[in-house]
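Each chain gets a letter, A, B, C and D, in the order it is written, and its residues are counted from 1.
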Amino acid sequence: MSERNIRVERIDRRAVEDQEVEIVERKGIGHPDSICDGIAESVGSALAREYLDRVGKVLHFNTDETQLVAGEAAPAFGGGEVVDPIYILIVGRATKHYEGQTIPTERIALTAAREYLEAEIPKLTFGEDVVVDVKLGEGSGDLQDVFGEEEVQVPMANDTSFGVGHAPLSETEEIVYNAEQRLNREFAAENPYLGSDVKIMGKREGDSIDVTVAAAMIDEHVPDMDAYVDAVASVREYVADVASEYTDRDVSVYVNTADAVEAGSIYLTVTGTSAEQGDDGSVGRGNRANGLITPNRSMSMEATSGKNPVNHIGKIYNLLSTDIAENVVSEVDGIRDLRVRLLSQIGRPIDEPHVADVHVVTEDDVDLETVRPEIEAIVDDGLANVTDITQRVIDGELDTF
Amino acid sequence: MSERNIRVERIDRRAVEDQEVEIVERKGIGHPDSICDGIAESVGSALAREYLDRVGKVLHFNTDETQLVAGEAAPAFGGGEVVDPIYILIVGRATKHYEGQTIPTERIALTAAREYLEAEIPKLTFGEDVVVDVKLGEGSGDLQDVFGEEEVQVPMANDTSFGVGHAPLSETEEIVYNAEQRLNREFAAENPYLGSDVKIMGKREGDSIDVTVAAAMIDEHVPDMDAYVDAVASVREYVADVASEYTDRDVSVYVNTADAVEAGSIYLTVTGTSAEQGDDGSVGRGNRANGLITPNRSMSMEATSGKNPVNHIGKIYNLLSTDIAENVVSEVDGIRDLRVRLLSQIGRPIDEPHVADVHVVTEDDVDLETVRPEIEAIVDDGLANVTDITQRVIDGELDTF
Amino acid sequence: MSERNIRVERIDRRAVEDQEVEIVERKGIGHPDSICDGIAESVGSALAREYLDRVGKVLHFNTDETQLVAGEAAPAFGGGEVVDPIYILIVGRATKHYEGQTIPTERIALTAAREYLEAEIPKLTFGEDVVVDVKLGEGSGDLQDVFGEEEVQVPMANDTSFGVGHAPLSETEEIVYNAEQRLNREFAAENPYLGSDVKIMGKREGDSIDVTVAAAMIDEHVPDMDAYVDAVASVREYVADVASEYTDRDVSVYVNTADAVEAGSIYLTVTGTSAEQGDDGSVGRGNRANGLITPNRSMSMEATSGKNPVNHIGKIYNLLSTDIAENVVSEVDGIRDLRVRLLSQIGRPIDEPHVADVHVVTEDDVDLETVRPEIEAIVDDGLANVTDITQRVIDGELDTF
Amino acid sequence: MSERNIRVERIDRRAVEDQEVEIVERKGIGHPDSICDGIAESVGSALAREYLDRVGKVLHFNTDETQLVAGEAAPAFGGGEVVDPIYILIVGRATKHYEGQTIPTERIALTAAREYLEAEIPKLTFGEDVVVDVKLGEGSGDLQDVFGEEEVQVPMANDTSFGVGHAPLSETEEIVYNAEQRLNREFAAENPYLGSDVKIMGKREGDSIDVTVAAAMIDEHVPDMDAYVDAVASVREYVADVASEYTDRDVSVYVNTADAVEAGSIYLTVTGTSAEQGDDGSVGRGNRANGLITPNRSMSMEATSGKNPVNHIGKIYNLLSTDIAENVVSEVDGIRDLRVRLLSQIGRPIDEPHVADVHVVTEDDVDLETVRPEIEAIVDDGLANVTDITQRVIDGELDTF
């Protein structure tokens, strides 16, 4: 066993699943805030990969500040058009000069943003519906040589920060998370009228769950109001089906409740995102690292997307604590609710947090003491392999929002 | 008694003050994220006041997306200089045309930003050390006539959202909050070397509190390294004194711990903010509406600064729930910890939330049932006078970060 | 005969061909100033065509202010890369709202710019090597309904301005103009190493002509220094051949004379334009409406590209006077040099200029009086059909730079 | 006598003063193009002075590309307001790093622009009515050490370019130039309603001169339409008086002829410049180096403002040739019209132009041969002291537009 300061305690509250009121939200990949998160993270990963490729190590960068300024659009049944383009400004720092080499950081950023948008929001024509600009300052150069060397070293914490992770997801969380994911993949593949800007809020009061969906419809595939009403109904039905896979509680699904169909005021878009008309966005304002906004749970304010995965302790600890929490729950029986919190201390190696505190709610018939050693071992192992998180981020295997 | 859905319950956890580990953070007014919050909110209030002045009601606007791109500076003992200016982009929506009048929304925004910066970060020469640009789209016009009419009407909720407030502050929270406030007012007034970018993190483990301060020093008033070391010591001493006013626990204060004095690597700045060199910022990434980041408490991800105080339910409910919590604690004896959460329902008047749930930890000798009526009455009264929040925001009386 | 104020006079100087010293310059299509001219004009034509298509008439616009901010590149034999993108800002005015319709002026502009760049400077990857942004203000709306109605009316002059045209081209002018055109079309098609940024200056002293060519080479197609030297030699030889088609005078051709081959300082680029590295550009700073810069001839400072072809008198008169001059020379024998100058009077129909003055140098054996009626008739006819110029601009048939 | 290639010849045309039709234009200091010229030049001079001050020599820079995007304003009798700010983007290259020093080029540029605008267009509140942004790339570093060393060396020409100057001014030129200057200085000092955006066009046909003035009036000082009509009349009268000082010919003065007083369509502004409403601007599109646009004379297309005065041959030769022309005319009797043209040869010292050709029209009773030696001596002397031009530009003693 290591010398790491790992504390495992019984949490002094009910499991989230057992609380009276629960609120959960997820902003889909086409939401303006998520677009910013996605670009920021794809820019960051691209920089990391290029650094490794060109100089053999990840140099200093931080690109966690993309800003989206909404456009103006004129949607119409059968197909309208974008009037003023969305403007996206990629902001951050990156090391451009290293040992005589010039790394084209701004072009790398633009290319990554382009590829991300074309893959995830294909309805947005790059350079026409959306203008992407970039302002990357020079990195400080101080934090350069920490990753990618022959012998990987564990870097020192660059800040006093913390990360937090939870597992398992509650039923409401499962519904909210999976409904968005499956709407955007499975459902949209067969129903091209559904835009990527799907925002889902789940509210549970006792055993009654309300799922409220705001789903941007794409005008090109909605010929008239009847088609729109049908589309809304299909989304509702699909989400209800998804929900039933995760719960036996009563679920009510509401889709586009702000619509005034009579008045013709509906959620119709040209591109499938509200960014086309009036909704600005930025990084770190939406989903936390586990893909959800969960006011019933402890959350970090840290923006995870776009940060350097080598030494940005807030990013690493948010992803790692989530990873550890999921591992504990999948490997140890009898855990009803678990929170992992990692607190850094500036200047210490990041695999030795100031404290790793784990709060557990066990099933009624499970004694914490019997599972404590297992939990501690998993936490210890996660910390020992902290650089795996870095590698998985660079490889694009971990979601950050 | 009203028909409002107010629930007062015993909370199923220990008071934050009694939890084993507590983490609290505050970003001072000169932190890049706070600069954005401050500009966003001052722009929003200025728009609201101008609308009232010009057309007698607050028209639709939302200016919660200011983005700051860091500059580059060359600080030096005795006075260095800004090399590349900070760039600030004010982003949002505002109604520019109303019944034949044109409201100069962009110029109002620029003027408000200028006045805010000159008042709060006077070391930044506007237009030279910092470039402020603005992109305000047109508002939708839908939500225009909701405030300022002869008879004030309670507006309808524009979204499904929630706000959360807490009281009283824990000792650690008091220390963190007040140390920053008093450093930036009292201390800086007499010690001009202290910049406005003061970031404080408090960590309590049991009865031991660590206060870590990152304080940007202003080079013009720091002639040499000895002076710098003295300045750091003075800040440390001052914060320790402040802390002792709020707690009897052991407090350790650390200031600028990342310094490497030997190597000459210290936290010296030209303008008193890290925005001058590499630290970008944006709205809603820092302090919550009560001025703190408190992962031990339920938090809303909603950015409060810059939002329309008439109908933006997230903003109103965050401010109102905090206000209610403080009122309950100041008026009702025996409350050890209290959380107020307000949940809106789209389309219902905002004084009738879907649910107002109040979770209380009482002192050991206090029975919740004896104080319940008082609490309910205060909550009910707060909701009944929800438009007071709007007025106080417009008058600049409520802090939003 | 019309009542138009047409004056035909003998010019009081030698023909340009007969002057002792002559200077002529042409910036090729890939020169930063020409890129701006090209984008401005393509944006303008696209707007005109869209207006005709959508509302049946050309509404007010003016897009003659594109600004290019150079990028940074790292060319290398065999293929380097763009490091910082070129930034292009399309600036101007356009009517966005007309009788209830919204015309997506900014998107039209972006699309036109994209298509222009992809067609003319294909080495620039849109959105990666070059960022195109747009700021189009609203037009005044005053000058809207002047073109495209069932019955075409001749618009009134909107300004006091003038245009000037010349014919025939001198030998030096022919060489400079055609060398650039043929290098960029014919030669580049077979020799992909030649970039589009070809700048040619011709100087004639007596019967000796120097042609100085600055030709950006594309690194991808230049494997090494020998290849570069060969490429330069091929361009020199090609231009010498072209020149010999237009003159019997002595011609010396110099290509990339600023090169220091020994020192490795050569004109190598990634994209074929100096805009990739340090050379900014804007509209109206390069070639005049006839494609040349000719200090030996009277020139208008008016930027022709991007202006509204319906009522912008400076644009129309520059194009029309050039057209008239060419027509006179092709139809009337014995003209050695001819200048047509059209002066508008604000508020008068543009087919009735304040004065149309034609200065003629005839061949020695030709009496001006014998050709005067022919010349007057051609001028009169050109003015009578002034709206043809507008149509040809909209159809993209007239070059403006 | 030097070995310089100086040619003095009789010009093969009438003096401009004797030509039948003459056109002259001047854009006043508040015209959008002139604002750009003024900022570009003040930024350039400020950089040159700072370089001299900090490193003892002028480093490479070029700032001749300022772009102005017009704002939107709502003028009203007695005082209206700017609605959307003017946006000015300073574009160019400057050397930021030199021998370990960092020169704050962007801040220098912003400060210079601010000071220029506050001095020349004081009605524009910096940062509110006008946003000034800056994008200065790094200079190439090649052309650094050419001016300011202990022993001033004459630099080599960096380009094949030419400059042209004329003297004396014709009567029409004198009227146009001086009317603008005196309106903006003398008249405006006593009549605060006159804005700085005064555009004057002079047309002479034979002995009849029309002077057309477009003068932006400042609404704050114009209480009503009568006051406006009076203001226009005062300007007309003043210009007529100025004109009579320079000519005995018939002069007609027209002021704001595009006004439709009945319809209330007049040239009223908030800030005294049309940049506030719809008129964009850029460098090098307005006045030539001698302050005028003179299609009757040979002109260079080169933008003079903002260019490096040490080695930018186009700038230096335009200023020097004008200076030489004026010196010749003031020192040599009997010159009726004179044109000096200086042609550089890349790589040769700039005091040894490829050719300096001087074309002279003498008074009828003066033989060119008698004045030739004097003229040659003055030209030779001007070239020998070419670096004086550089110094005077840096000292702000030479106008460039």
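Keep in mind that, in the parts below, a contact is a pair of C-beta atoms (placed from the backbone, for glycine too) under 8 Å apart; a residue touches a chain by one contact, two chains touch by 3 or more.
Source: prediction; values computed, not measured.
J.: Please indicate which chain is farthest from subunit C, where distance is taken between mean Cα coordinates of the chains.
T.: Farthest by centroid: B.
J.: In angstrom, rounded to a whole number, how far apart do the mean CA points of subunit A and subunit B lie?
T.: It comes to 24 Å between the two C-alpha centres.
J.: Return the distance between the CA-based centres of subunit B and subunit D, expressed in whole Å.
T.: The computed centroid separation for subunit B versus subunit D comes out at 51 Å.
J.: As a quick test, compute the distance in whole Å between the mean CA positions of subunit B and subunit C.
T.: So the centre of subunit B lies 56 Å away from the centre of subunit C.
J.: Show the residues in subunit A shared as contacts by 2 or more other chains, in ascending order.
T.: 84, 87
J.: How are the chains arranged in terms of who touches whom: line, ring, star, complete or other?
T.: Basically the chains close up into a ring.
J.: Throw together a list of every chain pair that touches.
T.: According to the stated criterion, the contacting chain pairs are A-B, A-C, B-D, C-D.
J.: How about subunit C: which of its residues touch subunit A in the complex?
T.: By the definition above, subunit C touches subunit A via 74, 81-85, 87, 96, 102-107, 110-111, 114, 126-129, 131-134.
J.: Spell out the part of subunit D that touches subunit C in their complex, as residue ranges.
T.: 9, 12-14, 19-21, 23, 62, 64-65, 67, 69-70, 72, 84, 87, 89, 91-93, 135, 137-140, 160, 162, 164, 201, 203, 205, 212, 257-258, 278, 280-286, 288, 293, 295-296, 298-301, 303, 341, 343, 346-347, 354-355, 357
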